[in-house]
Structure formats: structure tokens, C-alpha cells
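What follows is a group of structures, each given as C-alpha cells.
Next come two complexes built around chain A: one with chain B, the other with chain C.
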Partner chain A sequence: MKEFYCSILCVLFLNALNAQDKYITKEGFVSFFSHSIVEDIKADNNQVLSIVDATNGKIAIQLLMRSFMFKKALMQEHFNENYVESYKYPKATFSGEIVNFNEIEAQNSEVEITGTLKLHGKEKEISTMVKVERTLNEIKLSGSFKVDVADFNIKIPSIVANNIAKTIKVSFELHHKPYVQ
Partner chain B sequence: MNGKKFKIITLFFLIVVLGLVASVYFYNKPHLDVENTPADYVLTAQNLIEEYQKNEAITNEKYSESIVQVRGKITEISTLKGNGVITINDGSLDSSIICHMLPSQNSRTISLKKGQEIMIKGICAGFLLDVMMVKCTLVE
Partner chain C sequence: MFNNMKNLFVLIFMLPLIGVAQDLEAILEQEAPDTTLQVAGTFNGTRLLNGHSVETRKNGILEFLISHRFGRVNSGFDELFGLDDSNIRFGFEYALTDDFTLALGRSSFEKTFDGYLKYRLLHQKTGDKPFPFSLTVFGSATEKTLKDYLPENKPSFSDRLTYTGQVLLARKFSPNLSLQFAPTFVHFNTVTEPEDPHDMVALGFGARMKISKRVSLNAEYYYNLNPFESIEAKNSLAFGVDIETGGHIFQLVFTNSRSMIEKGFIAETNGSFFSGDIHFGFNISRAFQIKKQK
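After this line comes the complex of A and B, so read on.
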């Protein structure tokens, strides 16, 4: 099953790389934020890979869990080793579609984006609003959505249950440039 | 009797204070100091990329949480949010190594030129279309 998903992703990426009208970024930004009474936890990832097909609005995003940078080394260590188990699941992926992408007319539009988020070996359908800025040389996507920790089979030990929010806010900012071979 | 009680209370407080100090210390444990720690692995850019292309899972396991030092030619220098990003490659492969530099490296990164051969050490985060490295520093 794992090979199957891998091959789908590979095909998606290879397709994306071969054709024109593709927009890419290798330094997209994704961060997550957890608020609790005890502490706020934030981590930033500036190495996000994202490819948009401008002909149909399809989008594929990949990121490495180990690229998330935390303020505290201990949090980063726990995140990678205990919670998301980066050694087993090194990546998170999103594949989906910007709905009615080609009908976007205004410079700054809020449109819907839907797709499947895969993280820690679990999949979840995500639908959220995304701000799109489209020019000839750039497709900028930004927005945020919320995910439940429990949906991704992430086990938080009861001793730190109060330190970590049940719902995590994920923000993203992706500045795609035309793909040149 | 009083002396014994006093000893027990003092001991108790000592343990509590030690526990607090230890937990604060662990909570504030510093990040791995890439600049002043010798690399665990030293190899060429080409070797590292090829290893990932051959078997990503095994390579991930091998290099995660360790400091990797690579040698290669600069194909691109850019900045992202005020920090340097150096792409290195040997020219013959599709993939590159993208190194996100530490802020302390900014002044040295500016003086670099495309095509120059350099050595960079950092933490290997994994492989997407390219090998991604974080917290990188230049090695003389």
C-alpha cells in the first residue's frame, strides 16, 4: 500500500515536472501553533516543496518533519522522536485542488482548497479557504486551517497533555514561481 | 529528635530544589551547536545525493540527527527571510543539496560566488526533490 501511494506521488511530481504551466517553490513556509494554559508551542518550516498546475489548479505539497524548527531543543526532540515519529514517517504530504482555479479573476481572491493531508501514516480530508494572488510570474497561496491531533494517531503522554493543544493551527505561505527546466 | 526532623526537612528541600534545577535545565536544553561540533559524516555532494536516490529510507535513518559535512560546487546563492540559502551540486545530477544557513553565516555567505567549491556542514533533514539541510555553517 505504501508503494502504491509513493508511486502515485511520484507520478504526480513527475507529471508536474515535465509539463509547462507548472509553478513550483522549494522554500515554502508552513508553521504550526499550539496554544495551552501551560505554554505556547510554535514551529516553522521554510523548506516546503509545493507544485501547482496552473492549467487545472491541482496542487501537491511535500515537507519534511525534521525541517520544523522549534524554539526549544527539547520540544523539537520530543516532536520528532515521540509524537510524529519522524524516523518512521519523515514526510507530510498534501495533494488536492484549488477549486475553480481558472475562474479566479480578482488579484486577491479567497477560494476553497480541498485535498488529502497525510501525516504520521494517517490521511485526512482537508478543506479550507486560501488567499490566492496570481500574476504572470507568481502564484502566491496563503492561509491557515486547524487539525485535531487525535485524527493523526499522535499519542500525547498524559503528563504533558495540558502542555499541548488538542487542536493545532497550521499556517502556510507558498510563493510559487514558474518551473524552468 | 529536633535535629533529626531538621535534617529530614533540609534533605527534602534539597531534593526539591535539585529536581527543579534539573527540570529547568532539561527544559532549556540548548540546540545542537553545529558550528562547534565536528561532523559525524564527511562526504561529497554527489555521494550524498546518490545515496538518497538509491535508498531514501535507509539513508534517512543513517543521517538523521547527525551532522553531515558535504563538499560541492555552488550552483545558486539566495536569501530567505534574511538568511542565506546555498544550493550545491556537481552538475551531473538532477537533484541538488539545498542548505539553509545559520544567521551567523550571513557575512561569509555574501562573499561566496557561483561555481566556487565549498564545504558545508549542517543537519540533514531528508530528501524531497533535493537533499534538504538545516542549520548549516561554512567549513574552511
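After this line comes the complex of A and C, so read on.
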């Protein structure tokens, strides 16, 4: 009988640990910004899904391209229809790792994050610095990086070549909370 | 007994641990919210060619539309194959919401003013709760202001009016192919000859085939069930090319209809397409975002 309770306690304890080792958000923020002589284009996505495994720093992010909101409705339509072809490639994903995640000691640390960004059917290795703020109940990640439009096989027609930058700045802010199944 | 229970308990409490084996991507897939999405871009513009498409502009967009039809291409060199003669319509079309548009226009042909309301009732959707087609309702009124009458026969305001009601049904079958069906009702307050009907029903058929990301081929046909007999009215047929560039849409049109409003091209087309009574023309649309999206 003692063994029995003991094993239950053990399992409960393990479960509790398990619940604490993954952190998730469904309302992460990702935006991109294109600067050109003609115009600045910005779009925000507030429905980004991201999950971090606190035991090893592994991270997975996914978002729907259709959830990027532009100031101009027509621009948003063209972005989805003609550039990222979101009917064919609805999602963008990132899968990677925050390097040496468990050795982070300071409250606010800039560390390296590496992984694969998949967008418009193309994959690319990305490595950038990320600001990590870790508290008991939250893992906040924020930062920005640059991507070349051409790397993802997104063609910019010559008629609007001056309107759209060849390199786009992507910013993110992800506030992960403990994941409960 | 205890042993069995113990196993059961252990199993139950162990269940969540199985999640550990799950990779992060799989958890995200599982946590991803309902992904029902409206199918966008069934057609490039609010016009298929002469007639409307199911599309409406998004909230806060003012669309300025210039449409133009030259004379008939078979009118010979003296008329420079129709280019000497031209009709134009200017239109201002404002989207009050994503689904509701109000518009005013004026055609040079018979100096006609027109106004319309267009409301998109249903959107084709994909995802968890798909829906197979889009449905838009359209209603317009036109007033002819050309003074083609004798002073003693001056028609009253209401005599100069016509009305159109239309249901537009469309489905995007693939990213490249969209088809539309549009039953249409046209009412004339006055007609020129007694044998002509005041009420008319026509069936519109339309197709769009994309040949590249920004270029598509369009076709449109309105089959009139009870045409005007006095003018030997023909069914309206149009072929064209859409070219989309940023905030503009250019449509090149070849049609047997001279008019660019419903009552005109559906009821008053008298050219025969295959005898060469073809009007070349274009629609140019420029969209202005008057009110910013949230």
C-alpha cells in the first residue's frame, strides 16, 4: 500500500515537472517592415503560436500568413495572392533552439537563437540574437532579424521594384506562459 | 484487485507524461485555433468585364473607375476602326464595410446617371468550416438625361428611370479558375415601342482564368430571356484581359455592347459579336484607402 501511494506521489510530481517545462503563447507578435524610397510597408500578426521547451531551449513557432494585417486592404490582398501565395503556403514556421538556454543566468540576456525558417515553400537557416527575460511564470523572447525576399522565392515585379525593399526586417515579441495540456 | 487498481492509477497518471514524447511542432498543430478562412480574390476587380463580379472592396476604400468603349471595330478606316467614337463612364464607388458598397456613376451614352448598392452576403470559405461559394446581391437605378424628345413630350423624372436587381453567385474552383452565375432582373419605367417588355430577365455567365499572377483572361455572357424586339436586341458577350498592378486594375475589353451599365448592356445591345460589331474598350480602376484598416 505504501508503495502504491509512493508511486502515485512520484507520478504526480513528475507530472508537475512536466507541466512546467514547456511554455506556450497563442498571441505572439510578429511584424515585418519594408523600407523603400517610395513607401514604407508594415504588417502585424498578433496570432503567432510559439512554444519553448525550457529543459533544452528548443523552440517552435508557427503563424498564418493570412493573419498579417496591413494598413491598406488591397496591399494585404496582393501580399497573400501574389507574393506569398498563402492559399498554397498558408503557414510560416520556425523550428530551432535558443543556444545554451539553461546557462542563462541574468534576468535580461541577449543570446543566440538558431533554426530553420520555412516560408513560401522554402527553408533557410537563420541565426540571430534574442533577448530573453525569464521569470517563474513567463519566458519572454524578443528581437529582430533581416531576411532577403529572394531567398524565399518571392518575386517582386519590376513595376513595383521601387516600392518593396529587397531585405525585410522581421521583429518578434513572444510572451510564453506555462503550457498546460 | 489492488494490483489492478494500482496499474490503472499509474496508467492514468502516466498519461500526461506521454506528451513528453510529443515534439513541439505537434503540440502547436494541436493548439492551433480554428482556421476557417474566407477565400480571397475570386475575381481581380469588382467588374468581371461589363457586369459586376461578386467582389466588393474592403472597408474604407474609394475606388475610382473609368470605363471606356470605342465604336465598332468593323466601322472601317474612315472611323479608324471605331476609335473615333467613344463612350465613357466615370464611377466613384465607396466601401462602407468589407461587404457593402455604395456607388455613383455617369455614362456619356444617353447622358445616364447611375447609382448602386452592392452587398456581399456569403463568402466562400476553406478550413474547418468550409463554404462552397460566394453570394452578392446588387441593386441599381439609372436616370437617362439625354434630351432626345420633342419639347411637348418631356418625360417625367420617373419615366426616365430603370432598375436592375441581380444575384451574383461565384466559386473559385482553383487559384486560377473562377466561375460566376448571375440571374438578373431589369425593369424599364418606359419603353419606346409598345411590344417591348418593361420587365426583363437575363442569366449572366462569367469566367476568369488566370494565366499568370497578375494577368487573367475573362469571359462574360448575358442570355436575355425576353429581349426588346423593336431594336432586335442581342445577348451581350464580352472577352477581355485583366492586368493587375498594385492599386490599379486595367481591363481590356472586347464586347458587342456599347453601354457599361446593366440596363444598357443587358437590354440594349444590338451589335452582333460574330459579325464584327465589336467595341474595344477598357476599364481602369484606382483604389484609394480613405479610411485606414484597424
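Going forward, the second predicted complex is superposed on the first by the 161 of 181 C-alpha atoms of A that agree within 3 Å, B and C clash if a C-alpha of one lies under 4 Å from a C-alpha of the other, contacts with A are read in each partner's own complex, and residues count from 1 in each chain.
Please note the rule applied: a contact is a pair of C-beta atoms (placed from the backbone, for glycine too) under 8 Å apart; a residue touches a chain by one contact, two chains touch by 3 or more.
The structure displayed is predicted, hence computed values, not measured ones.
Asks: Looking at A:69 after the superposition, I want to know if it touches chain B, chain C, both of them or none. Which is it: first, second, both, neither?
Replies: A:69 contacts both chain B and chain C.
Asks: Have a look at where A:100 lands relative to chain B and chain C in the superposition and call it first, second, both or neither.
Replies: Once the two structures are laid over each other on A, A:100 reaches no partner at all.
Asks: Could you look at A:159 and tell me whether it touches chain B, chain C, both or neither (first, second, both, neither)?
Replies: A:159 sits against chain C, while chain B stays out of touch.
Asks: Name the chain, either chain B or chain C, that contacts more residues of chain A.
Replies: C
Asks: Touching A:179 in the superposition: chain B (first), chain C (second), both, neither?
Replies: second
Asks: Let me test your reading of the model: by the given contact rule, A:56 touches which partner, first (chain B), second (chain C), both or neither?
Replies: In the superposed model, A:56 contacts neither chain B nor chain C.
Asks: Between chain B (first) and chain C (second), which does A:114 come into contact with in this model arrangement: first, second, both, or neither?
Replies: Touch status of A:114: no partner.
Asks: So, does A:46 touch the first partner chain B, the second partner chain C, both, or neither?
Replies: Only chain B is touched by A:46; chain C is not.
Asks: Quick one: classify A:26 as touching chain B (first), chain C (second), both or neither.
Replies: Both partners, chain B and chain C.
Asks: Overlap the chain B and chain C contact sets on chain A and report the shared residues.
Replies: Of chain A, residues 26, 47, 49, 62, 64, 66, 69, 72-74, 76-77, 80, 87, 90 contact chain B in one complex and chain C in the other.
Asks: Flag every residue of chain A that touches chain C in the complex, lowest number first.
Replies: Residues of chain A touching chain C: 1, 4, 7-8, 11-12, 14-15, 18-19, 22, 24, 26, 47, 49-51, 53, 58-62, 64, 66, 69-74, 76-78, 80-82, 85, 87-88, 90, 93, 95, 157, 159-160, 163, 179, 181.
Asks: Which bits of chain C are touching chain A when the two form their complex?
Replies: Checking each residue of chain C against chain A gives 2, 6, 9-10, 13-14, 16-17, 19-20, 23-25, 27-28, 31-33, 35, 37, 39-41, 57-61, 98, 175, 213-214, 244-247, 287, 289, 292-294.
Asks: What residues on chain B touch chain A, complex-wise?
Replies: Contact set of chain B toward chain A: 26-32, 60-61, 64-65, 80-81, 85, 98, 100, 123, 125-130, 132, 134.
Asks: Would you pull the chain A residues touching chain B in the complex into a rising list?
Replies: 13, 26-27, 46-47, 49, 62-64, 66-67, 69, 72-74, 76-77, 80, 86-87, 90-91
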